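What follows is one structure encoded as structure tokens, with my remarks underneath.
Chain nomenclature is as follows: A, B, C, D and E, assigned in order of appearance, with residue numbering initiated at 1 for each chain independently.
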Amino acid sequence: MTEAVFYVFAACAVATASMCVLSRSAMSAVLWLTATMLSLAALYVLLGAEFVAAIQVLVYAGAVMVLFLFVVMLLNLGHPTTDMRGPAAMAATVVIAGLLAIQLFALWSYSPDRLAAEIAQAPEFSDPASLFAAGQATRDDAVARGVVGAVAAPLFEVYLVPFEITSILLLTAIVGAVVLAKRKI
Amino acid sequence: MIASQWVWLAVAFPLAGFLVNGALALRRAPATTAVSIVGPGVLLAAFAVSLGIFFGLLRDPPHQPHMVPLWSWMPVGSLDVTLAFQVDQLSTVMLLVVTGVGSLIHLFSVGYMREDPGYARYFAYLNLFVVFMLVLVLGSNLPTLFIGWEGVGLCSYLLIGFWFSEKANADAGKKAFIMNRIGDFGVLAAMFLLWRELGTLEFADIAARAPAGLAPGGAIVTLITLFLFLGCTGKSAQIPLYTWLPDAMAGPTPVSALIHAATMVTAGVYLVARTNVLFAMAPLSSALVAGVGAVTALFAATIALRQYDIKKVLAYSTVSQLGYMFLGVGSAAFAGGIFHLVTHAFFKALLFLGAGSVIHAMHHAYHATHSHEDAQDMRNMGGLRQHMPVTFWLMTIATLAIAGIPPFSGFFSKDEILASAFARGAEMPVYYVFYAFGLAAALLTAFYMARLIAMTFLGDNRSGAEERRHLYEAPWIMTGPLLVLGILSVIGGVINLPVFAGGHHALEGWLEPVTAAGAAFARVELPHGSTELALVGGAVLVGAVGLLLGYRATLTRKTPPAREAPADTGLALVLNRKYYVDEIYDAAVVRPLVWLSRVVLWKGVDQGLIDGAAVNGSARVSRGFGWLGSRLQTGQVGVYVVFFLVGALWILRAMIR
Amino acid sequence: MTEFLDSIGYGQWILHALVLLPLLGVVPVLLGPESSAKWTALTVTTLELVLSAGLWWALDPSRGTLQLVSTTPWIPTWGISYRVGLDGISLVMVLLTTLMLPISVLGSWRSITKQERGFYAMMLTLLTGLVGVFLALDLFVFYIFFEVMLIPMYFIIGVWGGTNRLYAAIKFFIYTMAGSLLMLVAIVALVWRIQVVTGLTSFSYDHVLQHAGAAGPLAPWLFAAFALAFAIKVPIFPFHTWLPDAHVEAPTAGSVLLAAVMLKIGTYGFLRFAVPFFPQVALSPAVSRIVVVLAVIGIIYGALVAMVQPDIKKLVAYSSVSHLGFVMLGIWAGTLQSVQGSLMVMISHGFSTGALFLLIGMIYERRHTRLIADYGGIARVVPLFSLIFTVVALSSIGLPGLNGFVGEFLVLLGSFAAFPLATVLATTGVIFAAAYLLWALQRMIYNRLDNPENERLTDLNGRELAIMAPLLAGIVWLGLYPAPVLRRMEPAAQRYIQLTRPSHEAAPVAVTGSAARVRP
Amino acid sequence: MTDGMALLGPALGLSAILFSLGVAGVLLRRNVIVLFVCIELMLNAVNLTFVALAQLHGASGQVMVFFVMTVAAAEAAVGLAIILAIFRHKQSVDLQNINLLRG
Amino acid sequence: MNRIDLGSPLGVAMALLPEILLSTWALIVLLVVSWRHETAQDSRLAGWLSLAGLLVSGAGLAALWVTGATPEGLPQMVALDPFRYGASALALLAAAGTVLISLGYLEREGLLAPEYYPLVLLATAGMMFLAGAEDLIVLFLGLEVMSVAVYVLAGYNRADPFSSEAALKYFLIGAFASGFLLYGIALVYGTTGTTNLSIIGAQLSGRPIPLMAALGLGLLLIGMGFKISAVPFHMWAPDVYDGSPTPISGLMATGVKAAAFAALVRVLLEAFPSAIGLWQPIVAGLAIASMAAGNLVALAQQSLKRMLAYSSIAHAGYMLVAVWTGTHAGAGAVLLYLLAYGLTTLASFGLLTALGRGGEREVTYDDIAGLASPRPAIAFGLSVCMLSLLGFPFTVGFIGKWYIISATVAEGQMILPVILVVTSVLSAGYYLPVIMAMYMRPAPGPDHHAAVGLSPTAAAAIALSVAAVLLFGLWPGGLLDLAGTSARTLTQTGLPLAGP
């Protein structure tokens, strides 16, 4: 059942992503990407990351993509001409992106068992359940503290430093955006 | 008597003369008187020293040469080249010839060159020449000899190009130097071989070590002697390096007499005699020496037949006579070669100086009438006997001497050489051929000398009516030396009178200690009795016939003056143009070499290949690649991404094994 | 003299003083007025010459080892110290350098008219570099001096040179750098190999020399790198094409120093470093064959190409290629005579070629052309110039009695044992040398005086005579009495042979046994 | 072992495909905004990988997704500001017209 | 020995003292400029304040360094070792130089928005995070902080289409590369379950590298390769350097590059020493390509600014040679070379600002002809810089190259050093013409160089740099020891480094 749902949304994600890449206008590209993000959010739920899925919908699809839309409309790029490159570039794209996909698609073959085997190096002892105890602990934690708590705890404890850095990052981005985009400084 | 230790004085005097005259030459104001005193004076002083040494030696003939070391020149490990003089019988003979004949020629020059603007320079060069010539003959080892050997070449170069404003003269000087250098290459190579094989370059040590250290008749000694002989062909103008000598007549005539007849050109003969042990050990080389000498003697004599320039005739005659000397030393008659060297110095110097005297007179005559005729062309002369009798008679004596008419000096020396060659024929029949060549050359010698005398002094005067009144005998300062040389040409033979003439080969005996080492390997047993007399008779006959023929051939036909003369044709032209050897050398060696250097090596290899293709080419290729890279940088982000991804694909590919 | 030198502690400070003095001299040159720059430079270089003269006595002539060695730690982490010292070979090279500098300064007296301060500052810097190269006994220090010299020379050519000076300067720089950078890698690699074996990281010459065998299988490559650097500097055919350009475009002083001293750094490098470090490689039959063939090609090729040059400076430049070929031949022959001969050629080439360039510079100042065809017959107008030019040319030709002969003779004599055929071929170089120089001599100072511009030439003045006098004296002195110089160098030359011999019998044994070829 | 864990491989594969699609978009498009959109697609693909792996390795993977989102937001702010700036100069956001700098 | 417990908040604060000081200071400066952002004076004030901030941060850094701060147990998030301090110091130095050069430059170019300086500070903070990252997430975030700030700075000259274009290109390709980097982090995390470099190193040691980790490493290299502008990920660099305000080009070539290299070295040596067989060929390939392409294309340039941009690619190649070794010596060489290159490049870009205006894009070789006589000091400085870039003795550039060659040769590798020196020879073909133009060619016109000049602050900064270039070239001993010892503390997991 889970698998079937997964593949449905996976197909959705691929289809919408393809449309995003191939759509004629910037506006539709942004919209298609939003659709992809929503599909991904569904997949996140399937993969046991409910909170991330929520954030994906709220922040990513909801805020960031709106920002994109806003800019697209600001620049009024709704004209019908396509910005697709010519056939040569098309061919190059197919070759390059295809090769890249082939190389990266090798990851398809990963199952938890294989990963465990590779990490533990001794197949007979590679019990994914014991090796990946951290995953199980998180799931238990989610049951105990709720999905937010399970993520929040490490975020503010272990990942305090990166968290603070993100604040600097955002500050930088704000200052930068203001400096660049303001009509008059 | 002056002891041998003072031999350096003989060198020091001319050296001082060179310095003084050189300093005077650099002054703007001419110092004719001072030069006239210093120039010949130092030579006379040197001659006095030489005489002293000679008499010292005469009183007490040494078995070992007296060594006079000056200073250590190139001490490197076991090689210790010392600048040293060696006084022995051979070097003393040469010393006397050089300083003696040199003195006479210096004196003659005072008259001959007095009016030249380069008078001081001339004497400086001449003095320097004597210095080097003495170093050459006195040097106790090959490197010291080589200083002199090259030094005389240098002075010859400077004196040939003395009137350097004429390109032909400067060319001739350069040609002489370079041809000599080719020969010097041989001497150097011989030195290297000797050093490797015997570990010494001292003449005395060579003579002592060679018999044990080298295989007689072996390849190495043959090679050494061949290299040495290459040097001799250069210096003594033998085939194939003879062409510079006729050109060298571009120098002042006394120079021709001193350097290109009496002394320098005989250095090759001296060298062979000095290293006689090596040549005696190498019969093949000796045969080659004799052969080259014989061929040169005949070959040069044929050219001399059709020359009109009086000095050119004498020049080819010199080449020819040098050939005789080599025939002699090549026949193991080392003393005989030296004998002819000495007598030749007398009569050839006399001939040249006489010619100088003639040219001097002709030149003055033409100068007086502002004529631009050639003062050296015999076709413009004729009948000079009336105007310059002293010169005529003295030159006639010399002609008889060179033609081998007894009892003049040349008769004895030439006869001894021919006899030696004939004698060697018993061992190596090829020497009979050489003998025949020598005899033929003797005939031709007599012929062209008679022609010279006849054209110059006899018959009608062709110089022109106006000029005729300006023809005078030379002043005493010039005729005086001529007279002395004339006497020597007559009596020179006494130093080595053969037995049949009542002598006992004095020179040969005198040189015995020097030639002994060689004599151990090759000794000439001169024919005795009837054979000897037959040979002598034949030679004399040949000489006489030649003279007669030459005289008649010249005087029976009318000789037109140079400007009216018809162009030579046929064989005469070939002879007149010296068999076109110069042209052949030019076309076969000089031009190809210059072409090779300029077109192939310089423009092709240097500028084209190395600089163009490799050096600038690599720079250009680099810039080309850079330009290409720059073009790829189109400014289009798409292109950048493509390159980025190509790199990414490569890295990921490397990661998936 | 020796006592006096000892009493002032000469040996302790002299080497440092020689390196530092010119550098310090740069300061007053740059700070002083433009007009006094040359005087300051002359003073400093003359002082340097005077100071260096004492080395002649300070060196113990009986030993071939390095003497007056002084070590100051510099970069201890890498085993680098400022280490200097000298033996007979360095001695004559240093003296040649210090002699040439005041002469070059005097030779630039009138010809350098713009930015004099800069010029003389560069000259002094160059002096430091040159002296440093010959004294350095640490590979790092040597490399640094080797490179640093490029800069002043680059400026001397590029700023004060002829019309095509930019091309020549950059060609000179890049050519030389290409070789030296590879040598840098080789130096590092060699020291690393030695460090692996001995556990000690040290760039000290002695240490490296002692353990150079540690290079093992890398030795051929390392030698190739060293050899390339030096071959370019020498220059050996076919790495020589920078030389004609650099010589032609450089101002007189540049040409003089380039020819008289800088080219010797290449051969010095072979003698001091490349061959003693890797004798098995360097003197192996294959490498020997290559080097000797290239040397002989250089001798003949240089002479032939010199013959057809229309530009007198280029002619002299190519003649350098020819002369340096003798040096290479002598070094590789490895007999005492040939090595000593090589050293003599190095010295006498410095004198003759330096003098030739000075003379060309003098006539160039008057006539502003270097084309042989523009002259002709000037012996009538400038007899003194012509006389000196002739003498110098003859010394370059190798006339016995003048300096050029001694070296060439010894090289050829010594090399004959090892490479008979090559030596015989090389000997033909004496013929070609006569051909090109005499031909040039004839076209320049003899023949007919047919260019009216040449009639106004003035003869050498006092300053110019003063410049030439020491060179002429050297030419004659070295030609007739080189024994003192030969004796100074002999122990060092012998040491070179010892260093290269044990693994390789360079000199054949006597065939006849009559005389010892080479003193052991 | 949850159901999701069994989907590790497919999730990783899907993320690879999406990433490649994003790359393809970058190669294919000229509109700067669309390019940026495609880059966002790449980031999303990576997020999927993080989430898939988080099943095994615990919450840290999810935490990272937050960071990625933050970064994406920051980049979006600055990036869009840059796009605005260039639009002011060129009145276009087509990369074809943005090639003043080259060579 | 100052042991810091990274588990406690106080410990974290201490460990991050320089970064915290700098970020806080950036906030203060931001506050100040929000009040005063009108006149040139305001801009100058912000500049001096920022300089003070850099000094303060430097003091914090020095406090850590001098006390020899080391972590209690395994380092988390940030490293506490001299390698970080060294790299951070380089970033601070680069920023300080940039600020000094900018002081006069901004006024001249009319770029008076004083947010410039806080952005420089924030970028520097990002560099310091990047250089000190002990965790891939910190690395990524530091990189982004730095990048975002530099994107903005590149486009700071809004009136200039070139500047905007530079920002856009930098941003687009930067974000694109970030995707790869992030993917790499994800895969490495997937294999090891952690993002801590030391633990990754421990996890991966002693066994074959799983495919996922290998792919992750590859993607990381791609992402880092972009930042260090290694060929073929370099093509943005010339355009961006060219279009950006010149001091920012200087910052990119020095600070950004230094931080990225420090991070690369740390990642490869701490997290992937056991994968050395995997990444060595790649690094070698990148190095060769960078050296060759950078030098070759630089040969074809007419504009000095672009030439310096391409030469920075070549220098990245040189440093990659040192990275290739995977040894402490190599890391030390990278550190030293970064300093050498940083000093020289900063001075070069600074001098470039003196030569022209309008972004200096049009300063060509012909423009500086004959500069030496009217402006001897500038000509001298630029010559020293060119020689140092060329790697000429008596400059620190030579010491840097020597160190790289030593480190590489010590691994028995000869080919890379040989390529290094051969391509260095090529570089003479474009460095020397600079000197040649200034000293050996006549000026194009009589008053051609009248406008050439430097502000006193820039002059001081450049003079200091040039003096340092020469000084360290003569007495590199202390510097070498510092670089060597700094690099030796790089790995604290106790894992053996690769190499014999």
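To be clear about the criterion, a contact is a pair of C-beta atoms (placed from the backbone, for glycine too) under 8 Å apart; a residue touches a chain by one contact, two chains touch by 3 or more.
Owing to the predicted nature of the structure, the values given are computational and were not obtained by experimental measurement.
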Contact-graph distance - origin chain B, target chain E: 1
Chain hops separating chain D from chain B, counting only touching neighbours: 1
Pair sharing more residue contacts (C-beta pairs) when A-D is set against C-E: A-D
Identity of the chain that, by mean CA position, is farthest from chain B: A
Between chain C and chain A, distance of the C-alpha-averaged centres to the nearest whole Å: 71
Inter-chain centre distance, chain C versus chain D - centres from mean C-alpha coordinates, in Å: 66
Gap in Å, rounded to a whole number, between the CA centres of chain E and chain D: 26
Separation of chain A from chain B, taking each centre as the mean of its C-alpha atoms, in whole Å: 102
Chain C: positions in contact with at least two other chains: none
Shared interface positions of chain B, touching two or more other chains: 630, 633, 635, 637-638, 641-642, 645-646, 648, 652, 656
Per-residue multi-chain contacts in chain E, two or more chains: 137, 141, 144, 148, 151-152, 155, 158, 167, 169, 172, 176, 187, 190, 193, 211, 215, 238-239, 301, 429
In contact (per the touch rule at the top): chain pairs: A-B, A-D, A-E, B-C, B-D, B-E, C-E, D-E
Chain A residues touching chain D - in the complex, by the definition given at the top: 1-3, 6-7, 10, 13-14, 17-18, 20-22, 26, 29-30, 33, 36-37, 40, 43-44, 46-49, 51-52, 55-56, 59-60, 63-64, 67-68, 71-72, 74-75, 77, 83-85, 89-90, 92-94, 96-98, 100-101, 104-105, 107-112, 115, 128-129, 132, 134-135, 137-139, 141, 150-151, 153-155, 158-159, 162, 166, 169-170, 172-174, 176-181
Chain D residues touching chain E - in the complex, by the definition given at the top: 12, 19, 22, 26, 32, 35-36, 39, 42-43, 45-46, 49-50, 53, 56-58, 60-61, 64, 67-68, 71, 74-75, 78-79, 81-83, 85-86, 88-90, 98, 100-103
Residues of chain C that touch chain B when the two form their complex: 171, 175, 238, 240-242, 301, 304-305, 307-309, 336-337, 340-341, 377, 379-380, 383-384, 387, 394, 399-401, 405-406, 409-410, 412-414, 416-417, 420, 423-424, 427-428, 430-431, 434-435, 438-439, 442, 446-449, 480-483, 486-487, 490, 494, 510-512, 514-519
In the complex with chain B, residue positions of chain E that touch it: 169, 172-173, 176-177, 180, 211, 214-215, 217-219, 221-222, 225-226, 231-233, 235-236, 238-239, 278, 281-282, 285-286, 293, 296-301, 426, 429
Chain D partner contacts - residues on chain B that touch it in the complex: 630-631, 633-638, 641-642, 645
